[in-house]
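Both of the next two complexes hold chain A, though its partner changes from chain B to chain C.
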Partner chain A sequence: MRQPHAKNGNLKSLLGLIPATVVMLVFFVGALLLCIVQSLGYAPQYGINQFPTFQYYQAFLHDDGLWNSLGLTFYYAVVPTLIGAALSLFLSVAFAKAFKGRGFALFVYKIPLAVPYLVGVSIVILLFANGGLFARFFYAIGVISSPGDFPRFLQNAEGWGIMMVYLWKQVPFMTMMLYSNLLVLGREEEESALLLGASSLQIFFYVTLPRLMPALVGSTLIIFAFNFGSFEVPFILGAGYPNTLTVEAWRLFDDADYARRPEAMAIVTFVTFVSSLSILAYLVLYRRFERKRGRV
Partner chain B sequence: MRSLSKLQRVAIFFLITGILGPLAPLTIASLAFRWGWPDLLPSIWWWEKRDTLQVPLAWDYIFDPVSRVVPAMQNTILIALCVTLLALIISLPAAKVLATQNFKGKSLFELFLAAPLIVPEMAVSLGMLLVFLQFGLQGNLVAIIIAHLVPVIPYMVRVLTVIYGELDKGMLDQAALLGASRYQIFRYVEFPLILPGILAAALFSILISTNIFLLTFYVGQGQVDTLATLLFSKIRGGGALDPVSAGLTLVIILPGLLFLAFTHRTLKEEVFSGGLNKS
Partner chain C sequence: MDGLRLEKVKTAFDNGDEIGPVSFYLPKGEMMALLGASGSGKTTTLRMIAGLSPLTEGQFFFNKTDISSLPVRLRKVGMVFQNFALFPHLNVSNNISFGLRMEGKSTEFIQKKLDWIINKTHLNGLETRFVHELSGGQKQRVALARTLVKDPDILLLDEPLSNLDANLREEMALFIRELQRDLGITTLFVTHDQEEALMLADQVVVMDQGNILQQGTPVDIFERPTSKRVAEFMGALNLLPGKVVGPKTVDCDIGAITVSNMLLDQKNVGDAATLMIRPEHIRIDTNSGNNDIEMQSFPAVVTSARYQGGIMSYRVASGQSELSVRQDSRVRIAVGHDVFLTFSPNHVWSLPDDTLQ
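Up next is the complex of A and B:
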């Protein structure tokens, strides 16, 4: 870290922060505040002015469907994050080694990062729909006799299609984060462990993994938060009902009756709240874990 | 360095196949005239119909003004470039301060800048629509460009902060000592030193901006087409993928792929570590 130039009071040296702060205050904090205000019943443009009221929160909190939706939202967010993290750890360690075609692999694995989630949705539909390519393949080799015999991957509550899209996009993302951190950390400690006779499994669990922990926590956190609030993938590939909270919010906001919009705002405020709370809990747990290991 | 284990070899093979493999059926689908159940390959390819069709049906439609794909492509690229330029102008000074200065509440400020990464896109999108409605600014390119700044700036500031942190301040002092003006110092010393960071930040920014769907959809109010909003309206039903959707999917892959190829050789993998390792 560089020497501090502005101990206290020298505000002039902090001027550079102003443009970013203004943009974030107006368009990010402002956006969230307006969400909250409208969810509390201030929406004069739709002729609603009951501020403050909790009726829009009560409307969906008393709905049995909420707990279904909340459970699904967590399920679609957590499961791919865990599977993706495990795959990415494995791949990033592999990428750090020398192998033939490494340059090619290092280019190709970034392609999903460069395309929208909707591309993943297209691909999953093409391959895994009941009339899709895999179903046709199994028909051709005589395993199934009609599209209906193929297991349903898309538009069901189990969300296989949703998770496949998430993994397709996110394994490369997490791999990139972990691999670039591996490069920054260097290999000296691994080499020493190797010289001291550690097996590759021991090196991974006792040397590499602990050093990658901050990067792993950081990337899983971002992925979890993204999945928790993601919309278009569960909208297209999820079941019509029940579906995630964000899809529910979309439906309410899209309703011909504008008076339902504050309820949509209440849902997204709730989603933001639950997501932030989960992330906070995750970070607290991680802190405690690091303290237990004596790292902090 | 040791070589790959068998399992690692298999994993990398699956990764590459899983990414490149689907491009083949997408291409085939976009060239099909009829490709129904249970055919593994199209039963009628477009070239069997070429006496009536000059080009494949899907591609003819994509390049036809009716489909609005070409203007959507232009919009997508224009938005990404403007967002990147604006975000650089906003993020560079902030990153410089964060990398060189210590001040009270710095970690709180960093948390504030990271917040858009963890707040659900839906909340930001709906809230931002309300902000723009207040200003009467919704439904045009300017609104979308401003909206995209919010998810882009946090990443940019992070990448640039890392680069500024590694910058040798002595070099700037030497240039000043030798009588260089502030502009000359920036142009000939500082800028070349942080260029790799700027490229990485620009890559992030362009990829994020071209990938955004929901924010564009709400803030654009259906008035502005981008590739992502077009693809959404094509596949939102979730039914079988028609040739046009397949072709459109391929078209959408193009800008990101080109930009990735363009920056692949100039960027070191290390620059990406700054994206997250401080959270």
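Up next is the complex of A and C:
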């Protein structure tokens, strides 16, 4: 039979969850519902009251630029996540080993975590823009004939600037997650593999990486979801056309014609749907992989 | 001299603390226990041999070959970690064959070796199980199999029984002992448990604060400790200080005790001496009916009596001293009873002078 103090404990735990639940309901679920309702034609504040209608979804789904925008959004979400994961793996494994200056390196790598994305954007512009520090430096030493000849890293179709900002901010985050995992897991399995005759590369691929998979999947999921829905970095450093879906949504939301706002909301709802679907597919695939090797 | 020989090996930690110098010799095919309390440096010694803790001084040899300078992979040293360090993402077969696969051995060779070691370690039927599906004893056997399948020259075991339930310990201890004898592999294991060391090892090395206090057979360590610290570590609760009053006779608090070991011959009358008598070597009687002229008897009073399964554990007061006595529980004596303590001079051990402080 359950004891009365156990019931009290459960009640206390539930009460303790209320503040976080209220914040989630109001600011996340509430905002999402509002967004969906507006995308379906209920926005009396803009004089629109057609609920329920799918015309705003049809409008952007029939837009020729949709697939370009969707492709670009995926590109900005997936590529920096993959490059960041590779760099973070390297750094976390390196940090787990003893080397001179390790304490300093462990301090320095975390600095970008405390700095906002917009500061990263400013740094990239200051360094890599055609009038930036590197352009002027290479001009000064005679490598290029004018600062304007400096290769275009920002606002280009490949999105180098966007990726640099993402990596600058996200590699420390992923490194921190992987490194803390390595610390918790300890080194005995790797030492054991070494004694069994495995080389450093074999240890990494057959022992370290499989052990880090849950943390790697978790951190890449967070980064992918953030990049997929990110707005400010592609807005400032993007090429202008095509836009990512979020930038496109902002363009419509900011239009002088308020009647376009439900269409913006339809894009935001679509972004949420595609992002959730991608994450779900990723998790299903990962679970299947883990099940195949008997971990689940 | 075939076997493992350590010559003044030392290592240092990041904080500057040192372990060593450690020197000992383990004959080929024998089993040695490194015995000591936590922090005594026994696991670090194991790690030095494995190559996981770099040497700052000294070297060690196996069959006269210096293996201390070889890379870890070439030392032919296998180690079973205290928590087994099995790979959770691999099943039993893949855990065991890991080392062979990393070496690029053929599938046929791996399968042959797998069949052999799985039979040896009684792991039949568990090949496809994952680590989280195994009991503690099964994990231990997988860890052993994974190490032994590579035919190492030296087997290192870090606290091999500490992660097992009490009822499994003895079974696993016997299994390890039989396997070691069967394969004839030179084995060094670390333990903080005296019983474990005495039960398994041919040789015991007692360590404290990074140094070796004594090396010898289990009987040497248990009955003839060369220092007070070893005596205390081996559970010798009766240490009696006294003065030499005649040939092989020491006057202690409980009376004049005759000692037969030769260490006392080096002392003069009036010299200080400390005697050790193990609790299980003292007989406790309610009368002084001691007909054996070799034995000596002293009056005492029982101050506590504890039943411990097959044995009774007593504390008795004699003179100003309190002694521990352990004997068969078939005869039980109540607290407050006047008794006689009887023991043989052969069971009294005089500790060397330099360890009396």
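Convention: the second predicted complex is superposed on the first by the 282 of 296 C-alpha atoms of A that agree within 3 Å, B and C clash if a C-alpha of one lies under 4 Å from a C-alpha of the other, contacts with A are read in each partner's own complex, and residues count from 1 in each chain.
Just so it is clear, a residue touches a chain if its C-beta (ideal position, glycine included) is under 8 Å from a C-beta of that chain, and two chains touch if they have at least 3 such contacts.
Being a predicted model, the structure only gives us computed values, none of them experimental.
Chemist: Once both complexes are superposed via chain A, do chain B and chain C end up clashing or fitting?
Modeler: Here the two partners, once superposed via chain A, fit next to each other without clashing.
Chemist: Write the angle, vertex at the C-alpha centre of chain A, between the C-alpha centres of chain B and chain C, to the nearest 10 degrees.
Modeler: 80
Chemist: Check the residue A:Arg293 against both partner chains and state whether it touches chain B (first), chain C (second), both, or neither.
Modeler: The answer is second: A:Arg293 touches chain C but not chain B.
Chemist: Considering only touches as defined above, state whether A:Ile279 meets chain B (first), chain C (second), both or neither.
Modeler: In the superposition, A:Ile279 touches chain B alone.
Chemist: If we overlay the two complexes on their shared chain A, which of chain B and chain C does A:Ala264 touch? Say first, second, both or neither.
Modeler: The answer is first: A:Ala264 touches chain B but not chain C.
Chemist: Of chain B and chain C, which one contacts the greater number of residues in chain A?
Modeler: Larger number of chain A residues touched: B.
Chemist: Tell me which partner A:Leu195 touches in the superposition: chain B (first), chain C (second), both or neither.
Modeler: So A:Leu195 only meets chain C here.
Chemist: For A:Val207, decide between first (touching chain B), second (touching chain C), both and neither.
Modeler: second
Chemist: Once you lay one complex on the other using chain A, what is the shortest C-alpha distance from chain B to chain C, in Å?
Modeler: The answer is 7 Å, the least C-alpha separation in the overlay.
Chemist: Quick check on the output: what are the common chain A residues between the chain B footprint and the chain C footprint?
Modeler: 98
Chemist: Okay, in this complex, where on chain B does chain A touch?
Modeler: For chain B paired with chain A, touching residues are 1-5, 7-9, 11-12, 15-16, 18-20, 22, 25-26, 29, 37-40, 89-94, 96-104, 109, 112-113, 115-124, 126-128, 130-131, 133-134, 146-147, 149-150, 153, 157, 165, 169, 207, 210-214, 227-228, 231-232, 235-241, 245-246, 249, 252-253, 256-257, 259-261, 264, 269-273, 275-279.
Chemist: Taking the touch rule as given, give the residues of chain A at its contact with chain C in the complex, in rising order.
Modeler: 98, 188-189, 191-199, 202, 206-207, 210-211, 213, 293-295
Chemist: Contact residues on chain A for chain B in the complex?
Modeler: 1-2, 4-8, 13-17, 19-21, 23-24, 26-28, 30-35, 38, 45, 87, 90-91, 93-99, 104-119, 121-123, 125-127, 129, 131-133, 135-137, 139-140, 147, 154-155, 168, 171-172, 176-177, 179-181, 183-184, 187, 200, 214-215, 217-219, 221-222, 225-226, 228-232, 235-237, 246, 249-250, 253, 264-265, 268-269, 271-272, 275-276, 279
Chemist: Mind listing the chain C positions that touch chain A in their complex?
Modeler: My answer: residues 14, 50-52, 72-73, 77-79, 81, 83, 85-91, 98-99, 102-103, 130, 146-147, 150.
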